[in-house]
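Written below as structure tokens is the structure these notes are about.
Per-chain residue numbering starts at 1, and chain names A, B, C, D, E and F are given in the order in which the chains are listed.
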Amino acid sequence: MRPNRLQQIFAAKQTAIGGWCAIPDSYCAELMGHSGYDTVVVDLQHGPLYLDAAVPMLQALSSTDAVPMARCSANSFGEINKLLDAGAYGIVCPMIDSADDARALVAACRYPPVGTRSFGPTRGFLHGGPDYFAHANDTILVWAMIETPRGLQNLEEICAVPGLDGVFVGPSDLSLALGVSPSPKWRQPPLSDALARVLAAAHRADRLAGIFCVSVEFAIEMRQMGFDFVVHANDASILREAAQAGVAAIRR
Amino acid sequence: MRPNRLQQIFAAKQTAIGGWCAIPDSYCAELMGHSGYDTVVVDLQHGPLYLDAAVPMLQALSSTDAVPMARCSANSFGEINKLLDAGAYGIVCPMIDSADDARALVAACRYPPVGTRSFGPTRGFLHGGPDYFAHANDTILVWAMIETPRGLQNLEEICAVPGLDGVFVGPSDLSLALGVSPSPKWRQPPLSDALARVLAAAHRADRLAGIFCVSVEFAIEMRQMGFDFVVHANDASILREAAQAGVAAIRR
Amino acid sequence: MRPNRLQQIFAAKQTAIGGWCAIPDSYCAELMGHSGYDTVVVDLQHGPLYLDAAVPMLQALSSTDAVPMARCSANSFGEINKLLDAGAYGIVCPMIDSADDARALVAACRYPPVGTRSFGPTRGFLHGGPDYFAHANDTILVWAMIETPRGLQNLEEICAVPGLDGVFVGPSDLSLALGVSPSPKWRQPPLSDALARVLAAAHRADRLAGIFCVSVEFAIEMRQMGFDFVVHANDASILREAAQAGVAAIRR
Amino acid sequence: MRPNRLQQIFAAKQTAIGGWCAIPDSYCAELMGHSGYDTVVVDLQHGPLYLDAAVPMLQALSSTDAVPMARCSANSFGEINKLLDAGAYGIVCPMIDSADDARALVAACRYPPVGTRSFGPTRGFLHGGPDYFAHANDTILVWAMIETPRGLQNLEEICAVPGLDGVFVGPSDLSLALGVSPSPKWRQPPLSDALARVLAAAHRADRLAGIFCVSVEFAIEMRQMGFDFVVHANDASILREAAQAGVAAIRR
Amino acid sequence: MRPNRLQQIFAAKQTAIGGWCAIPDSYCAELMGHSGYDTVVVDLQHGPLYLDAAVPMLQALSSTDAVPMARCSANSFGEINKLLDAGAYGIVCPMIDSADDARALVAACRYPPVGTRSFGPTRGFLHGGPDYFAHANDTILVWAMIETPRGLQNLEEICAVPGLDGVFVGPSDLSLALGVSPSPKWRQPPLSDALARVLAAAHRADRLAGIFCVSVEFAIEMRQMGFDFVVHANDASILREAAQAGVAAIRR
Amino acid sequence: MRPNRLQQIFAAKQTAIGGWCAIPDSYCAELMGHSGYDTVVVDLQHGPLYLDAAVPMLQALSSTDAVPMARCSANSFGEINKLLDAGAYGIVCPMIDSADDARALVAACRYPPVGTRSFGPTRGFLHGGPDYFAHANDTILVWAMIETPRGLQNLEEICAVPGLDGVFVGPSDLSLALGVSPSPKWRQPPLSDALARVLAAAHRADRLAGIFCVSVEFAIEMRQMGFDFVVHANDASILREAAQAGVAAIRR
């Protein structure tokens, strides 16, 4: 089975840098996959795309060096199974509120006897290879998003769930959970404290810690802080900001 | 009929700043349309997209302030008619080599008795309004690309073709036409001379002059040089450069 | 944030007239949006379309005067979040059976602290504007469909759920719930009584009352009866009936 | 090979009534195919759809009683071949100006030795059956559109081209060709005279005469006048008119 | 209503032979439908396709002799309703673990008063006919997949659920449930015993027994063993195996 | 630039074995690319697919070992440019009738000064790499199809055109050109003689000789005969034949 390069990065105690696709197009995903990211996450939650649009995006990523992962729209057994069968090498699941949620997530991502994933990796075989079944449980990364009041409260129990690879912070929702505006102020409490708490809890439980950033600056600081996996921003916002900056410069 | 804002900009002797879509997706086109460009051109020539993909992109642009235009893949009567029927308010046509080419282009863009465009503006009515037919000939912009040895040679005759609104430089192909590398060195001869020549010929013939740039810097200088219409770069290259720069900054 | 014109109509005590899209195509949605309806609802429940097809339809509606809304296929947190992120300004949710169902629906449509909607309005920003977050909770309309035996039984409790804007009758399912054929006989009991009951309960609770009609005649009478929001019929049935009538007239 | 029902209708001296699809969707095409039309024409010229969108539309028509035909966007050998390979049982070709144009059209539609169509009817086999090759030349209908000044001038020569089944009037373009507005005034000269002339020339040359109408009334009168094939209107205009009429009636 | 040919086959005590589509394309589905199968199942569970891709596939099957069925991705009321509305004449539902699961499945497939399916068969009317409602409950086949430890344990209770037409074995997941490799060894215990047990239980309860096979040989033996419905394999594996065999033979 | 593996095969005097895609789907193309073929050709001529459908298919091939090539629908400068920009590493062009046709084909495939290809390899950069321009002219294969009476007549002149890599036989059209049925009888005159003639002429002119076969047997014999490039058959026919054979075996 094609190895998961992210596991090698994490084993080497390096930081993985992620791209994120909200634009529902395979050429755009391929561009992202060729931009130097260690992984590119296809976003089915907030991106205007769902399971039919995600397939050619995951296909396009297979020709790049970026590990294909997906954020599901919900902790749904059927949807997660479909994303893995379509070749995703990792699942980022939003709004994990409890250990039960995390256990259900892990179960959806692992074949029996570890979990209850159904067998039929149609595209998994193409991306991973003919020995997909033998190695899938050890190759696929499972990330639980911590971004709600209950998720924050149950953080330690979530981190303790066997089979979970890491927790992943959604800083906008986490800000809302903390009673502040969704535009993340990562240097100020209460968000700064919460980030530190998630990072510490993850590492204490021997779990990875990841975070979606919304700017290069944010990502740099999260990397320095010790997060194992930092996402730059999504393609839509990167493009829009660069385009707006270009227009402004030309018009000036 | 909804007015063509570009005409107002040109009438005011201002420079129009253009975006360019090579990513075949309507959400991406919509993002571009909301980024501050005066127009966004859907690129059917080099973008990996054709007539079926272009339709939702043109639709998405209709909800933005950017004037929807299209670059056709060839000087094809049928293709140009379809793009106009789909709501494009301007056509940028590649590889115009002669006055005959330019006349054929104009004919495809104008209803009789000016040209030979066939009547049936299915989406033109939606973008333009019920009085589309009465005003289309005066509203739609026709741009002839100057980018081949013959096009450069026949520049003055091309500019003289009635009904043509402007000429538009493709600097990469023009560089190849001049015997140099396609990565445009706009400050150096022979390209710098050719740009000056096109600009002068256009203005002498009372035509607009436009140019596709591949960077903000290039666009700024072309604006300063006097081009009426400068295109920033395409969405694919803007995104890829910004993503690569982000990764590099985070990894550093 | 772009205002929700339906709210202005309801504030003025006028009836909103709705279109309904079951044809999974953005050009068709755009035609519907230009046909004079105050809103057009993209139907993910019975229309042969789902989340990937809905996106360009919602985009197309953004260039028209019709307020874009969507009927979700189920009371699903993930699906409703996606439709709102894709720019819908209202959700019509089928088969609300209880106050708990209605509360879950409201929670999915409202950001914290009112509800639990996750933040990331990718297309919401484009349709609504950069201040989307500040106003979304007050701008988006939430409609609970009353169409099952339990929904009818729990009507008053449903109407009392805070944050719900209105109830909306599905007359075919409601007919089945009442033990009669799904072809709605709106002038006869038991359906006529049920319609009156829903309308009265809604208004008593200071909620709006809406209804899907299957003909112009039905819609006219519902408007006269006092419904705040009447839907003409869906595009598929309007087209098929008009086409069949045309063929019959020509063949005669 | 599945017979072409239109040939039976024409052999019986009856009028064929046609539907016309400009909405690029297969469910919409299927609705049209079930509406009672003898044939449904997928419009690649003015409809916002091209070869990729046309395939599922032609597939959908195969499950209905309507004979699938297509209007190509231009008299293009490659495009016409593709439409036939995709299962179209007839081609309506716009802007036939001369006998040479008509001969090229016929050649594209017929296998050698009659024409030069290339062999490979991928979907033709599915719609037509395994004996497709043996009967295709005799089954597929070829229509030349008469709608330009030159086409009108060369009408008799066009009608005389062997292998052509019929001529087909585009009344809007023909109006423009005659120097009047594209909204066809079929009861008044010069259009009324031109229609009579085309009809007479076609029948004199033992060719069928067809016409695109834009209303039921127009179609009824063309049928009475003797046209063999009358098209009601396209799906987009039928839907929009019915929707607008519905809104107006409900709002009144 | 168009009859369900599978019911005639089962009534005649014959074996139905099924095709299975994992390739998300309507032309491919049409090819499968013309290949001699009695039914073709569109696979939304393991196929890289979901509700938007399934619609044109179901449309394509309507022009063939194969009965269109679908495997849903989960026992989801909304998804099953959508597949039936889109014209499926049968649902194969994965991972039925209990009688409660089976009752929920039946309820989603049947209109009141038998079940709770919502009314609005947009494409059901086109495939089935205008009398769809009157006959749908008696025409649509409901299959519960037996493939988990709990499903096997509760087999008899599942078979006893009223309204269920049959059980259907997923031999790979069932192998995993039995603690062996997912590559089904149908001639060896424990799988052979489990197959015999499912078949016997189904027939004892007067239910049909179906099974997904992964080779012709497997299917032949299951037919001989008495299964009422045997699926050959999916299109993806049939194609890949035939292509690989062809390459090997040519290269040799 | 990523090397063209076919060139290595031809340099080693080995036979390249090709797959061929008529099914317009990227997952199917990816399956074909993983089936052992040295190259897979996306067929825009007879496959029911065009430029928008071809893009994700070419993307999918980039993750496999098969060299992506395309058959254009016609000798069209614009279409050929688009296929190359989309990443095709070779063009198979139908119906080359003369040396002029072949020269036009070569010109469309090569950058100046060799040809007139326009610069803008949007996806070429992704598949080939950043040094695409420097090597494209030497990497891309150009095949002229010999399949018409005139093509056969002008065979030697066609083979002599500089820049052409090979000729490629379309045996069905060639059979028609020879006055026999399109089902190719490759062992019998006149087709057997024509095949020998094309092969000899190609090799005499130091050109490669390729052929589309319609069965494994045909391909084996063409390989033995000395063809450098043999295509097995297309995916649609491979699938349909295997499916039909499976049904027949199970039903027996």
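Keep this in mind: a contact is a pair of C-beta atoms (placed from the backbone, for glycine too) under 8 Å apart; a residue touches a chain by one contact, two chains touch by 3 or more.
Just so it is clear, the model here is predicted, and its values are computed rather than measured.
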Co-neighbours of chain B and chain D resolve to C, F
Matching the CA atoms of chain A with those of chain F requires turning by an angle in degrees, to the nearest 5, of 180
Between chain D and chain E, what's the gap in Å when you average each chain's C-alpha atoms?
-> 41
Express in whole angstrom the distance between the two chain centres, defined as the mean CA positions of chain A and chain E.
-> 34
At which residue positions does chain D touch at least two other chains?
-> 22, 24, 27, 31, 34, 48, 50-52, 55, 76, 79, 122-123, 236
Classify the chain contact graph as line, ring, star, complete or other.
-> other
Name the touching chain pairs, would you?
-> A-B, A-C, A-E, A-F, B-C, B-D, B-F, C-D, C-E, D-E, D-F, E-F
Once bound in the complex, which stretches of chain F touch chain E?
-> 17, 19, 22-25, 27-28, 31-32, 34-37, 48, 216, 219-220, 223, 230, 232-233, 235-236, 238-251
Along chain E, where are the residues that touch chain D in the complex?
-> 26-27, 30-31, 34, 55-56, 59-60, 62-63, 122-123, 126-127
Tell me, which parts of chain F touch chain D in their complex?
-> 22, 24, 45-53, 73-74, 76, 79, 94-95, 147-148, 170, 172-173, 176-177, 179, 181-182, 234, 236
In the complex of these two chains, what residues of chain A are touching chain E?
-> 50-52, 55, 76-79, 81-82, 85-86, 111-113, 116, 118-123, 133
